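Per-chain residue numbering starts at 1, and chain names A, B, C, D and E are given in the order in which the chains are listed.
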Amino acid sequence: MVPYEYYVALSGLLMVLGLIGVAIRRNIIALLISTELMLNAVNIAFVAFDMKLGDVGGQVFVFFILTIAAAEASVGLGLIMAIYRLRKDVDTETLTELKH
Amino acid sequence: MTVEFVNATFPIITVSILIPLIAAGVVFFTDEKHAKPISIITSIIVFILSTFMLFTYDYSTYAIQFYEKYSWIPFLGVSYEVGVDALSLTMVWLTAISFVAAFVWSTNIQKRIKEYFIAFLILEAACIGVFVSWDMVWFYIFWEAMLIPMFLIIGVWGYAERIYAATKFFIYTFFGSLFLLIGVVGMYIYQFVEKGILSTSYFDLVNLGLPFRLEIIFFLLLALGFAIKVPMWPFHTWLPAAHVQAPTAGSVILAAVLLKMGTYGFVRFSLPWFPEASKYFVPVMFALGVIAIIYTAMMAIAQTHIKRLIAYSSVSHMGFVTLGTFALNMEGMNGAIITMISHGFTSAALFLAAGFIYERVHSYEIKDLGGLARFMPVFATLFMISAMASAGLPGLSGFVGEFLALLGTFKASVITAVLAGLSLVVGAGYTLWLYHKAMFKESELPNEKIEKWEKLKDMNTAELLSFLPLVIMMFVIGIYPAWWIRLIETTSAAILSKFIGG
Amino acid sequence: MELTGTAFWVFSSLAVLSAFGVVFFRNIVYAVLSLISTLIMVSGLFFTMGAELIGALQILIYAVAIVVFYVLVISTVPEFKGKAFQTKYMVISIPVGMLIFVELAIVSLFGAWKSNTGVFTPDVVKEVGNVKAVATMLFTKYLFPFEVASLILLVAMIGSIVIGRKEHVIDEEAEG
Amino acid sequence: MEYLWIIPFSPLIAFIVIGLFGYKFLREPLSGIIAVVAVAISAVASVIGFIQVAATGGYYNLKLFTWMPLGDYQISVSILWDPLSALMTCVVTVISTFIFIFATGYMKNEPSYPRFFAYLSLFVFMMLMLTLSDNLVQLFFGWEGVGLASYLLIGFYHHKSSAADAAFESFITNRVGDWLFLTGTILAFVTFGTLDYLEIFNKLPEASYWVITAIALLLFGGAVGKSAQLGLHIWLPNAMEGPTPVSALIHAATMVAAGVYMVARLMPIFAASDIALDVVLFIGTASAFIAATMGLVQNDIKRVIAYSTMSQLGYMFAAEGLGLFREGMFHLASHAVFKALLFLAAGSVLIGIHHILNIQKMGQLRKYMPITAITFLIGALALAGIPPFAGFFSKDPIIEGAFEISKAVWFFLWLGAGLTAFYIFRLYFLVFEDGDRLDPHVKKHVHESPPSMIIPLIVLASGAVVLGFFKEFFGNFLKPSLDPAHMPFLREETKVLVEEGLSRAHHVHMAEDALHFLIHSLTSPIGILALITAVLGIFTAWVIYQLQKISAKEIARTFKPLYLLFYNRWYFDFVYYAVFVFGYYKFSRILWYIGDKVIIDGVVDGSAKTSLVAGDGLRLLQSGNIGAYITQMAVGILIFLGIFLLFV
Amino acid sequence: MSVLQELVAGLGAPDFSVVVPEIIILLTAFTIFAIELFTKARFLISVITVFGLLLAGIVIPFTPEGETFYGLYQVDTFSLTFKFFLVMTSFFVVIIMRPYLEAKNTYYGEYYYLLLFSLLGMMMMVSSPNLITFYVGIELASISMYILAGMYRKDYLSKEGAFKYLIMGGTGTALISYGIALIYGRTGSFDFSTIATSITSGNLDVGAVGGLAILLIGLALKASSVPFHFWTPDAYQGATTPITAFMAVAAKIATFAVILKIMVEAFPFAYPVWTLGWALLAAASMIFGNFVALRQDNVKRMLAYSSIAHSGYILAALASPTDFAFTALIFYSLVYIFMGLGGFIFLSAMERQYGWSNHINDFKGLAKRSPVMALFMLVYMFSMLGIPPTVGFFGKLGVFIALIGSNIWWLAVVLVVMSIISAGYYLRIVIYMYMHEPTSKARFNFSLGEAFALAFMATFILILGIYPTLFWDISGYLTAVLLQNIGK
């Protein structure tokens, strides 16, 4: 059996990848995808800890994270649609009217 | 330091603070044309109240009189605690009389009358509050609250660069007072940790018995706050800017009352709270005081703007107060207090004079002036008296304080006193130079100016009335200072009790 | 035992690989596909750990429902032109991210994690089954947050409608 | 003797009344009359007091009220009436009375007539506060007060730049002295714990020699300023910008005499320190000589007399430095009379020729104003020290006394006396005799002055003639105040100390009686030499300016460097102006710019600007780009997580 | 089977009496949702919302204390008090919203019920004894707010701000949940009390510290603390102003409350870790917020930066783990409601006026055009600056005393210096209002609700400034409650 710590470390890696994704992508849809990646990473950690503890709280929490990920995705996609309609573009570079 | 309290049978101090506030409210809700009479009457009532206190004050022993105390924020150990000793009382009285002069003078204000008087009324309440509060939180509240109306007064009714001046005034003094706050809070915490007392009362903090290291730290923190307010060299640059831009009545209050708060702070807090640190810093304070006197006298004579000149002269005079305070003997302390009062009258009168000149001639630049003495003899006389009082002519108020302060300083440090005495020369230099350039030398004026100025009106009743109380007080103090000395003597002794015993 | 071990390495390396794909594929469609891949691999990981319910939900909700959403949007928005990455931030964020990963790895590997404090020991789980255990808890003890979660979904739904719907005013303006 | 309070307060009341109502109600004649009456009352009262004190020889100390408590000691406003102050008060009030009367004529039709008399009254009040004081603070009050009054009076024609400048200069210069004086006062208080003269005198033996010396020198510093002695003398000639009665008042009886009076008043302090006496002697002698040289070449009628004042004050100080305090005071009194006479006569001249000051443009005025000319001549003779005029009896004892104490001092004083005779008669000849250089337009209007001006002249001239014969009376009269052996208020220890200090004057033996003195000086070589010198001076002036045998211009050309030195007043004014006026002002300007504007305000405003720049810099972080946001956040996470993990 | 039965057996029916205020809010929201389907009667919607909020506000003081939902929901004085203030905040936002929305011609009913949902989320946050409830609460609130922020019709900036808010907020959510995961792995529980007993000062390991750190970063992000603040100015500026007011006040207050609650109740023994963390974050927030606010010309954005700075001031109290500091934090949070609402409601009321763009130049001569409004704004500005006799002074004073009391001088000095810097921009508004000549003479008109809200805030700032004991006592009591809950 692989130690659960490895799962947690994996979740950390995915988390960081998601963070990097948000930082470097220019397509705002990709940004949203990257946040999904981050939330998923958390799921791994939760399940790993849950299993290690012999509890079900972690799995329940994963359920909420799934819900929230879905909710954020839907709101985010709605915003992306709106932004696209207004600016005909989904580039982060154009998404910089609010600054300084 | 043990203190006795004489409770007030009638909350006269609270009433004195509240009356201007209520009047401000009334002015806010009434018609513009009532603003002036209401304000003047209010200031006169406050003046009467403070005069009543002045004459019923028992100066035979040291006790806080007209004392009131109510619990206010028990959580922090804060109470509403007011009362007066002679120092507070003279300052309150000075405030009251200055405001009478300022209000009477302000009858010629035309711009935003209501706001103007509201600002001044609130300012009056805050100024009185500073001098009567014995609770540090209330003291600080009044200390800071005063910034707001003054900021507006300078900024709204001032001259061309008023915004710069107002902002500088506000931020600079705010800067200082926050350090003051750090110091006070530090002491408060120390008191709580060491003694378990949760109190912001002056009388608790005064008996703290700080270790020397902490005394030094707290002294410096408080001193920074006070020094900026005084202002002591090199924290003085806000003052000329503020004075130059402030409206006349604002300058009057700024010079007569606000500057006193800094020196009041030194006398009231620094000395009794930090006796060891005060002794330790005497050389520094003496040096700063002498620099203030000589250096700013030189600054003053370098000015071309009347009000800036007078502003620098204020800094110079405050140097005497610093010296007197840190001489740590009775003469010096009495001298410091008398100088504070006297400077209140002289500088107020000088600023009124500057304002008067501006009213008539529409210029503050010395080079635009000259020969006014012939066109306005009454004004010239009063101006001369004020200038002479400021220059420390015996028989007028300025000399009494300077003499005592010098005497006290001399006892502490001969060389300091000798250098400070130079102010007799340089002080007279800039004061008379101003008078000389503004009032004399008509022959250097172009003819068209003379023709125009022939028609200048001398003082009108309001101007005369605002001038007169100040000038009268210069004589009263100058000719019979014994009364004032007796009034403040017990207080000075109490303040210095940690230095001279008893 | 060996099987789960092998499965972990397989799933995890694939998950990481496809996560890299999500981040670094220039084409957004490939990125979404990589996301699906990642999600499936993660659900595989869940299965290896024995969390069957979550594993299934992961595939159902995520891999199907959400990704469909994305695909819909991507198909609405025309192909993204221009650079895919902000190179100047890459220079900073990738090393920084890796350092964060080092920190997280330290945390993961050296944390004094607790084990077997819950009542659901492997024996119990074997007895009742993961699905039943999770579901029972979800609908009893954690009913309240569950209801709130539904509320969140409702809100999100309303939100996406309100924000995402076509606005007549704008269309009129665009036409006019 | 309670009535004495009326002496100072009568002029004060006049000042207040005229000041408040002068312009509105009193106007021209009435203001002057009130002032004259007030000062006359003072004069009468002081003469009565003088007679009383002359009869008893005692002293009388009247405390009016406590001005200020100073610990155990109380500074009071008070009157000390002893022979010295009585003499001085009498001189002040009597001379002032005549000057006031003269002024009512002189100031006729002047628009600021009430103001003038108000100031004059104030001046006299301040001077009386000074003379009557029994402590240093009240003395200082009067001291500064006369400074103020002189400032106002010198600047009376303040619309004239030169007058205003002169007033300013006079006040500031005086203030330099006052600074020293005040320091001395404070040192005295710190040393003795009191400021009353009598108590100080009695505590003198307890203080160390050097402290006493310091006190004496500091106080003398004040006298140097007030009495325009060398170093702080520059204001005096310029003070001639005031109306002539003012010049008379300042120079004859009031302000400048205050220094001499003060030194005499505090004689025990000075006598207790021979260094102090030496300094007084040195400054006095130097002033006497240098002022005389300056007076030689001036062309302004009033300035010549002004330099003579400075010179004569030098003689008085020299006398005091020599220990001849009574002689010094007597010279003060006689000088007051003839100097007032000279000034008033000059004023009469000015009225006659419409304020032309340059003596090179006058001449032969004796024809038009004979009384003025004669009285002026009497004054000049008195000044030159020709017997039997008052100057002779008061000045010659000083010169002769100096001979017996210090030959060097004697030499300069003697030389100065010769120069004095020369320049005053140069003045006389140029103004009243000599050729006719008057402007024809002016000449038409020249006339003798009205009686209100002539009568004081005559009275003062008679005074100048007869006063010298009272030499013995004054000498004896002053003994209770200035002769330690006779001073009733001194302790024995102090007496010993003072006697010792005055011992330098012990081998001066001069006849007290005026006639004996006259005979003595006409027989002794020193006396004859002095007299001959004076006569020689007059003769030279006569030769040069009346007979015009020798051209003045020729002499000037021959001794050009010396002439320029004298004419430019030994360059004091130039140096002072360069250093203390121009230098100080420019230095202040520069300091203001560098110190206040650049450095201090630079720091203050600079910190504000730095904040703004920091704000500008930091806001760039908020670039609007999500990638940037997340990158920065990641850095934040890295750092925070790192810090936290280090914590473990 | 037996294990599950045992677990479920004792649960019974939850006690709904303690959640009456929440139920009222929920029902109000649903009612509006339903009404909006049938009618566009905007007045009715506002009235019902106001009525619902009033009812909830009235009910809160009478709500019994207790736990419900099987230990997942905790109602005590602490949470009730914060609920009351949150409801009050929402009330004021709602009464000024109608004229604004009408003037801007944007959506209508959605604003009301989303706001209520958000409020519900916040109420759950402050009631959570447990990381799960906290998590769903904060997400309900956040997601509602993403939508509220992006809902300004026709306005691109609103969308942009909302999207940034969403991405950053989503990252924050991920961080928070990651932190929760680590804490969960470390302690085996989500309950504050269990966590508190599991993590003691003696056994701080990388797991506990790492979990706490990541949770703390996530919370800092929600509380817009530097360097995790980046969404704040953009979202605030983009959103419709009443919503900005809601985000800047209600969300902030709820976040501060929950931060305090988590720190004190869940990590009481790990305080050396989090005091340092909050101290650093607070210092960074104060410095960044104040400096950048100095250079803002858009007043709304300036206030956004000012709110970052205020996060710094408030969080600074957490640098000192004493009951006094907690009291100070609660006090400052509560009084910040008045200043923050005042400032943003003022902007909201002004934005309706013709030609108003929130640029600082629009403030020129305001004191002449509308003296009373200018006076109110003056009070808010000076209160934010912390000048007595406004209550802002006591807010800062409390934090300040707490810092010095714990010998954290460096942070106290930073606070002081930054307060001075902040004078620069607060005064600027006053200067523009009072010391410049107006560019137009046009009069303003204000609705009753706006006038009432502004007057209420200004009055309360002054009343509290003169008699702060009112709130000090409440704060002190709340702290006591909070401390009692430790390990319960």
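In the analysis below, a residue touches a chain if its C-beta (ideal position, glycine included) is under 8 Å from a C-beta of that chain, and two chains touch if they have at least 3 such contacts.
Everything numeric in this text was worked out from a predicted model, so none of it was measured.
*Asks:* In terms of CA centroid distance, which chain is the most far removed from chain C?
*Replies:* Looking at centroid distances, D is the chain farthest away.
*Asks:* For chain A and chain C, what's the span in angstrom between their mean Cα positions?
*Replies:* Roughly 6 Å, centre to centre.
*Asks:* Distance-wise, how many Å sit between the C-alpha centres of chain A and chain B, to the nearest whole number?
*Replies:* So the centroids are 64 Å from each other.
*Asks:* Suppose each chain is reduced to the average of its Cα coordinates; what separation in Å results between chain B and chain D?
*Replies:* 37
*Asks:* Calculate how many whole Å lie between the centre of chain C and the centre of chain E, each centre taken as the average of the chain's C-alpha atoms.
*Replies:* 30
*Asks:* Would you pick out the residues of chain C that each touch at least 2 other chains?
*Replies:* Residue numbers touching two or more other chains: 86, 89, 93, 97, 100, 103-104, 106-107, 111, 113-114, 117-120, 124, 133, 137, 142, 145, 149, 152, 155-156, 159, 162-163, 167, 170.
*Asks:* Two or more other chains touching the same residue: where does that happen in chain E?
*Replies:* Where chain E meets two or more other chains at a single residue, that happens at 132, 135-136, 139, 143, 146-147, 150, 159, 162-164, 167, 171, 182, 185, 188, 205-206, 210, 233-234, 292, 295, 424.
*Asks:* Would you give the residues of chain B that are in contact with at least 2 other chains, written as numbers and ranges?
*Replies:* 171
*Asks:* So, with touch as defined above, which chain pairs make the list?
*Replies:* A-C, A-D, A-E, B-D, B-E, C-D, C-E, D-E
*Asks:* Which of the residues in chain C come into contact with chain D in the complex?
*Replies:* 86, 89, 92-93, 96-97, 99-100, 103-104, 106-107
*Asks:* In their complex, what parts of chain E are in touch with chain C?
*Replies:* 1, 3-4, 7-8, 11, 14, 69-70, 72-73, 107, 110, 114, 117, 120, 124, 132-133, 135-137, 139-140, 143-144, 146-147, 150-151, 153-154, 159, 162, 182, 185-188, 198, 203, 205-208, 210-211
*Asks:* List the residues on chain D that touch chain E in their complex, please.
*Replies:* Against chain E, the touching part of chain D is residues 608, 611-612, 614-616, 618-619, 621-622, 624, 626, 629-630, 632-633, 635-637, 640-641, 643-645, 647-648.
*Asks:* Given the complex with chain D, which residues does chain B contribute to the contact?
*Replies:* 168, 171-172, 234, 236-238, 295, 298-299, 301-303, 330-331, 371, 373-374, 377, 381, 384, 388, 393-395, 399-400, 403-404, 406-407, 410-411, 414, 417-418, 421-422, 424-425, 428-429, 432-433, 436, 439-444, 479-482, 485-486, 489
*Asks:* If you look only at chain E, which of its residues touch chain D in the complex?
*Replies:* Counting only chain E, the residues touching chain D are 163-164, 167-168, 171, 175, 204-206, 209-210, 212-214, 216-217, 221, 227-228, 230-231, 233-234, 272-273, 276-277, 280-281, 288, 291-296, 421, 424.
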